[in-house]
Structure formats: structure tokens, C-alpha cells
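There are two complexes below, and they share chain A, which is joined by chain B in the first and by chain C in the second.
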Partner chain A sequence: MYWGGNPAECHPRHFTKYTIMQKSKFLPRGRKDRTMVLVDIRETKSANAADIFLQIKPGKDFELITILRAMIKDEYVADEQINATGLTRETLDDLIRRMKAAKFGCMFFGMGLSMTRGKHMNSAALLMLAAEMNAFTKFVAMPMRGHGNVTGADVIMRWQTGYPFGISFNRGYPRYNPGEFSTVDVLVRGDCDAAFIIGADPGGTMPQPAIDHLKRIPTIVLDPHITHTSALARVHITTAPQGIAAPGTAYRMDELPMPLKPALKSPYPSDEEVVRRINEAIARKPFWLPDGSQPQMLTRQV
Partner chain B sequence: MPVTFHLKRTPTVPLEAEVLTPDVIGGLSNAEIRALTVYHGKRQLPLGEFFDVEGEKCEDLVLHGTMPKVRWVGRAMSKGTITIHGSIGMHLGAYMTGGLINVHGNAGDWIGAEMKNGFIHIHGNAGGQVGAAYRGALQGMRNGTIIIDGSAGLEVGMRMRRGTIVVGGPTRDFTGLQMKGGTIILMSGAEIRTGAWMKRGTIISLKPLQMMPTFAYAAHLNPVFINILARTLAPFGIRLPNEESEGAYALYSGDRSIPGKGEILVWQPGA
Partner chain C sequence: MSLSVINNATCTFCGCVCDDIQLHHDEMRIHKANKACVLGTAWFLNHTAEKKYPMALIDGREASLDDAIEMAATLLHEADMPLVYGMSNTTCEAQKECVALADQLGGLLDSHTSL
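Let's turn to the complex of A and B:
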């Protein structure tokens, strides 16, 4: 089940390598043994691959998932409420029957869900639906990640700090609060007085107030290319592209680490080397916490 | 004679000043107050670096200045008062268990987050997550009262357990998200998805709301508890109509997706 994504154009190998085409011990006929559902606001190329295409009204994802959460528990939802999402009761009854009859359901959600109005709560809704479907059959949910090694960043932050993103270390221990410490919010509010950007291009993707703040403060960019962010940064360090001219580890969307071997030589240092040298220079400075000071916890323990 | 703080240096990055509570300040001399540690970003600096401090040994604090970057003021306070003239940043009165906070200006996000008791009055606008639960926590505010005269942001009263929130202006999406109890009163309504995933609790709106599809209309009524609530809130200039001649409340119950027993009361004049 794909929700708010267009894998046919954005993740072209997803169908054939992972989700619907592969033959396996329990699904020997491959595609014929599987049912694919696509939920989106417009008919994309992925709809051709889907058995069921559900076209919903824009901005109704959260409402529809909440209706589904009610209906899988046999709670009554009025017809006009279902119709307001752009679907009919028959469609949803059929969908729920198929979901409950499945042996193993997997939901993939894209930016159409996680980046529209409601944001994290839309994703949370789908994750809750997947969790509650486990009362009937096995169900999981997974985000369709974008380009680059975004999954890797989340995984590393998670095992190093316990949290995937939106972390502050200013107290000497990791604190997690998306909305307060997440990059876009920090930049929009102007909370930081320096920015170090590695392998990303916020200058091309973030809202204008965030870009304006990046221009105001010293911004350092590590990137193999000249990006929008490099144009407004004080310092741009060109690095060797990972996987092409620098070794490393990339995490696949399902969090499987894949070692990368460089095929070419590059005159530029790798990201790792640059960060290591910056770290060494910082280590020569006096430690930022006063001697003998302990982290002052800001949790509920008073 | 209250202890008065005048902001003299504007912080360039967030200033975490959880020491600004009556519990900490109450027993300290002027020099000790100025020597208290605050976090300017990651740097530990004395409070006197940012504030001119007048007075000592008093549980009444008065703050002056534009302080949208000053965070955690009144954290876990249990007694005394804090009066703020100007704007204030995030986490005001988080975890508080008693006492009184008055803000004559705007406030940031997470006001009164996970508070247990006490009273917060914001005379301007507030940000999101008022009286909410922190990420990963199961319960938001346990008790107490938050009154906001202006507008508020996203996820007001998220996962709150008990207590009262009154918002004079409009609120944004997800008001009363995953509420487990307590009362939210919306004088000027809210944007979409009000009361989503409610388990219990009451949302009272004096303006029409766009209801979640999983809420069902139950009845029109003039509940008696509104009279008691109105009497409690009358000293703050909040008027809750409940005369049968004026109209009635439409009761919606939900959220059926949980399935929850929450109730949303929408005032309908002349109904």
C-alpha cells in the first residue's frame, strides 16, 4: 500500500526489487500473489501498476486514515463523512476486507502524506493504523525516503543519542524536541548563530525566512557541488562524492547498511576527513563546560 | 518588594533560564541571584550578565524586556508569582506545580507543558503545544488553569489529562489532540482537526468548528456544568453563554477511531 508517493517515477526500482514483482517461497507467483493499493490525490504513473487506485481529495489524508482506524474496529462512520474524503463506503469496506485478509501488509508513505498540512501527525496517523492492523494481521509501515543517505543520518543519530533528529546537545546530553530543535524551525526563528551543512541543500528547499537567516550567520557548506546554499555560505568546502570517489556506508530505505567502494580518485578530501580535521582543531580548544560541571537536566526530575 | 529583572543584553541564541523561578530565587540575596547559572546556547554564564537585578529574598518575580529567546522561565515552580512585561519564549511554566504566572505580552510554544497545578495568564498571543505533553510522554497538563487572551498555535492541550485551557482568539490545527481529560474553551473557534483522537475530556467552542469525520452529533443541550464553569471564569472577564433563551450547545461525541468518549460542545445561538 503506497500512500502519497509516486514510486514509479521517484523510486523506479522499488516495485521490481522489493515490493510487488519478486517471487518468493510463500508467494511463488510474484506479482499475481500480491495486491497493491495506491492512495494519492492525483493519478500518477504509479497508478498503472496498482490493483486499486484510491483518489482522495487534497488535505483529507488524516481524516481518511482516522476513518479507517474507526472502521477496522467496526465503529460507525456516516456516509457523508466518508464521501467528503472523495471515496465511498463500498471502496473502504472492500479495502478493509482486503487489509484484514492479507497475510502481511506493508504501507509505504511519501511526501504527499508527510509534507502536506498536518505534517508529522499525518505520518503518525498512518503508523497508528499500521500498529492497530496488527490486531488482525501482520502490518508494518515505512517512509519512502528521498535522495541521498537520509536514512543513514537517522539511524546513526538514533544509536548514538537515542533520537533520530531534532536533537540539542547544549546541556551536555542529547535532548529531543522536534519543532524546537529541528533545523527548519531553528533557522526560521533565528535561534542559531552559525550553521554547518553537510550533504544537504537547504538554500534550495527551505522557506525564505530560513534562507535569510542562513545569509545572516556564518554558514559552512560541505558538498561535492556548488549548491544554492554554497552561494549564500561564507565557506564552501568541496568534498569528494560519496560512493563515487570516497568510501563510506549508505543506509538503504529499510535501514540495511551498504558499504560503498569508490570507483574514481578525487583531488578533494572526503566529508569524513574534513569533519575529522575540524574536530581535531576543536579538540585543541579548552573544553566548553566548566571544570567539574555536570549536565543540568531539564527533564521532569526536579 | 518583588525581585525585578530588566533585560540588559539581548541573547543571540536561546537563553535557558530555568533558575528564574520563585523556588530558586525566593531565598537568595541579590548577589547570589546575579551569580545563578543560565545557559546561553551551550555556554554557562551568570544571570547578571543578561539581567539587571533589583531586590532579593522574595517569591514575587517581575521581568521586563523583549525576551522571545528566553526559555524555561518558571519551570517546575511550586509557589510565588512571576509577572512578565514583554514577550517571553518557550516552555514558560513547564512542569509547574503551583503559583501564578502573568504575561503582559506574547509567549512562545509549550506554555505550561506537563504542568501539575497553578495558574498561567497570557494577555497576548501564545504559540503551539499549550499545556501539552512533551514528545514521547503520555500525559500533558495534569491540572491547573491556562488563560490566553489572544490566539494560540498548533496542538493546544495535546494529550492533556486534567485542568482548563481558555483561548480567547482562534487556535490552529489539532486543538485537543489525543486529549485524555480536562477542558479546553475556545472563544473564537479553531482551524481544522479539533479534538482529533480524543479519548475523554471536553472542548467547548463558542464559534462553529469543522468537525472530524469520526465525531457524531449527539444532542442539543444546555449542560449545568457550564454554569459552574462560567462562574469560575467570570472573574477573568470570560463569559460562557448558557441561557436557553440565547441558544444551546450542540454536543458531538468521539473520537470513534480510538474509540473515545470525548465531547465537543459547539455553541449555537438561537438553537
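Let's turn to the complex of A and C:
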């Protein structure tokens, strides 16, 4: 089941490599042994690949997931509530019958679910639906991640700090609070007084008030290209593109780490090298506590 | 001219991170990316080893890498609440250095995930 995503155009090899086309020991006929459902508000190219396409009304994802959660448990749902999502009771009955009859269901959800009305509450609801489906059969859910190595960023931050994103170190230890420490909010409120941007281009994607704040404060950009953000930054450093000229590791969206095999030798240094050298340069300056002293817990262990 | 071939290279353009790409390259640019999809092919073929941009820019003017690193360190060190953001199009090794940077600065750390 793909929910609010368009893999045919955004993750072109997802179908063929991972989900519906592969033949396997238990599904020897590949595509013919699988059922693909697509839930979206408009008919994208991915709908051509789907067996069942459910076109729902915009902003009704949370309602539909909640209705499904009730209906799999045979709880009462009124017709008006179902119709408000743009679907009919017959469609949902058929869907639930197929979901329960499946041996192994997998839901992939995209930004059409996690970035529209309801946001992370939508994702949470879908994860609940997947969890509750396990009373009947095996079911899992996974987000469709874009941009290369965002998954790696989650994994590395979780490993190093215990939290996946939206972290503050201003008390000397990591604290997690999305909404307070997440970048858009921080920038729109004007909380930070310097920004270090790596492998991203907020100058092209973020809301205008956030961009305005990046212009006001000293911004430092590391990128293989001169980006929108570089144009408003105090410092831009060109780095080698990962996987093409810079070696390293990248995580696949199912959290499998993959080694990179760079083909080219870049005239530019890698991100890793530049950030490490910035770290070393900062370490030579006094620590940020008012008297420059470093707390005991942060000193190097011997 | 013969091209060198790299088997099972990894594409990092989208979250699929396909690791079965065959790259044909001549050190300067990649000429062919077998098995990659349209997006992946564009990603591989659009990057070259040419020096298209200056090493670094400070206030829009060309600068040396050493000066830019020193300037970045100074600006970040002077700030009370620096933000370290992004980390999508970069390697795990660089991401680890970024966590260390935010930790050392006592700053904020965030990725695309929060959007």
C-alpha cells in the first residue's frame, strides 16, 4: 500500500527493485502474486501501476485512517463519515477484506500524508493502523524518504544523541523538542544567531520569513554547487558531491547502510574533511561558557 | 578512448539508494550510468570533476579554503545560538562531524526530517 506518495516519479526503481516486481521464494510469480493499493488525492503516474486506486478528498487522510482502524475491528462507522472521505463503504469493505487476507502487508507513506493537514498525527495514525493490523496478519509501515541520505541523518543523530532531529545542546547535553528546536520554527522566530547549512538548500525551499532570518545572521554553506542559500550566505565552501567524488556511507530508506563508490576525483574537499577542520579550528578557541572553562563531563577521557 | 568501469556503484539521489549501478567514466565525468533510472542518470551525468566554482566564497568574494574554514569557525564560535542544519545530501561520516560541531558549539542540530 502506498499512501500519499508518487514512487513512479519520485522513487522510480522502488517498484522494480523492492516492492511489487521482484520474484521470490514465496511469491514466485512476482507482480501477479501481489496486490498494490495506492491512496492519494489525485491520480498520479503511480496509479497506473496500482491494482486499486483510492482517490480521497484532500485533507481527509486522518479521517480515513481512523475509519479503517475502527472498521478492521468491526466497530460502527456511519455512512456519512465514510462518504466525507470521498470513498464508499463497499470500497472500504473490499480493501479491509484484502488487507486481512494478505500474508504480509507493507505500507509506504509519502509527503502527501506526512506534510498535509494533520502532519505527524497522520503518520502516527497510519503506524497505529499497521500495528493494529498485526492482530490479523503481518503488517509493517515505513516512510518513503526523499533526498539521498536523510535516513542516515536520523540514524547518526539517534546514535550520537539519542534523538533523531530537532535537538538543542545549549545546556551542554542533548534535548529534543520538535516545534521548539526544529529549524523552520527557530528561523521564523529568529532564535538562532548563526547558521551552518550542509547538504541542503533552505534558501530555495523554506518559507520567506525563515529565509529572511538566514539573510540577517551569518550563514555558512557547504555544498557542491552555489545554491540559493550560498547567495545569501557570508561563507560558502564548495565540497565534493557524495557518492560521485566523495566516499562514505549512505543509508537506504529501510535503514540499511550502503558504502559509496565514488567514480571521480574532485578538486574539492569532502564535507567530512571540511567539517572536521572547522571543528578543529573551533576547538582551538576558548569554550563557550562565559569564563571559557570547559565542564568536567566534556573533557577528553584518558 | 576507453572508459573505466565501476560495478555496483551506489546512487544517492533518492531514498532507494540503488547499489547496482554500473558507471562508465573517464576521471573527468561519468558518461554512462547503466541500470540507474532517469533521475539517477541525471544525477550521475550532471556532476563532473571540473573546477566549476571557486573553492570558497566569503561575502560573495573568492577566498581560499583555509580562510573560509577559519572564518566559519570564528562566526560559529562568536554566536550564542548557532544552528547546524541539513545533512541530507552528505555522508554519514560528515553527519557525525556535524553532530560533534553542534555539541561543541552548544547549538541547535536539525535535519530535513523536521520539515
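Definition applied: the second predicted complex is superposed on the first by the 288 of 302 C-alpha atoms of A that agree within 3 Å, B and C clash if a C-alpha of one lies under 4 Å from a C-alpha of the other, contacts with A are read in each partner's own complex, and residues count from 1 in each chain.
Assume a contact is a pair of C-beta atoms (placed from the backbone, for glycine too) under 8 Å apart; a residue touches a chain by one contact, two chains touch by 3 or more.
Keep in mind it's a predicted model, so treat the numbers as computed, not measured.
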* Between chain B (first) and chain C (second), which, if any, makes contact with A:121: first, second, both or neither? -> first
* Please determine whether it is chain B or chain C that touches the greater number of chain A residues. => C
* To do: Could you tell me if A:169 is touching chain B, chain C, both of them or neither one (first, second, both, neither)?
  => both
* Looking at the overlay, does A:77 come into contact with chain B only (first), chain C only (second), both, or neither? -> first
* Touching A:193, do we find chain B (first), chain C (second), both, or neither? -> both
* In the superposed arrangement, which partner chain does A:137 touch: chain B (first), chain C (second), both, or neither? -> neither
* May I ask you to decide whether A:55 touches chain B, chain C, both, or neither, giving the answer as first, second, both or neither? => neither
* To do: Return first, second, both or neither, reflecting whether A:88 touches chain B, chain C, both chains, or no partner chain.
  => neither
* Is A:288 contacted by the first partner chain B, the second partner chain C, both or neither? -> both
* For A:22, is the partner it touches chain B (first), chain C (second), both, or none of the two (neither)? -> neither
* **On chain A, the residue positions that both chain B and chain C contact, one per complex** => 169-172, 178, 191-193, 288
* Asked: So in the complex, which bits of chain A are touching chain C?
  -> 10-14, 17-18, 115, 144-157, 160-161, 164-172, 174, 178, 181-184, 186-187, 191-200, 202, 205, 217-218, 220, 222, 224-226, 230, 233-238, 241-253, 256-261, 263-272, 274-279, 281-283, 285, 288
* Asked: What does chain B use to touch chain A in their complex?
  -> 12-14, 16, 18, 37, 39, 41-44, 69, 72, 75-76, 90, 95, 109-110, 114, 128-129, 134-136, 173-174, 177, 192-193, 196-197, 212-214, 216, 255-259
* In their complex, what parts of chain C are in touch with chain A? -> 4, 6, 8-19, 23, 25, 27-30, 37-40, 43-44, 47-51, 53-59, 65, 68-115
* Structure fact -> Note: in the complex, chain A contacts chain B through residues 62-63, 66-67, 69-70, 73, 75-78, 81-82, 84-85, 117-118, 121, 169-172, 176-180, 191-193, 288-290, 293, 296, 298, 300, 302
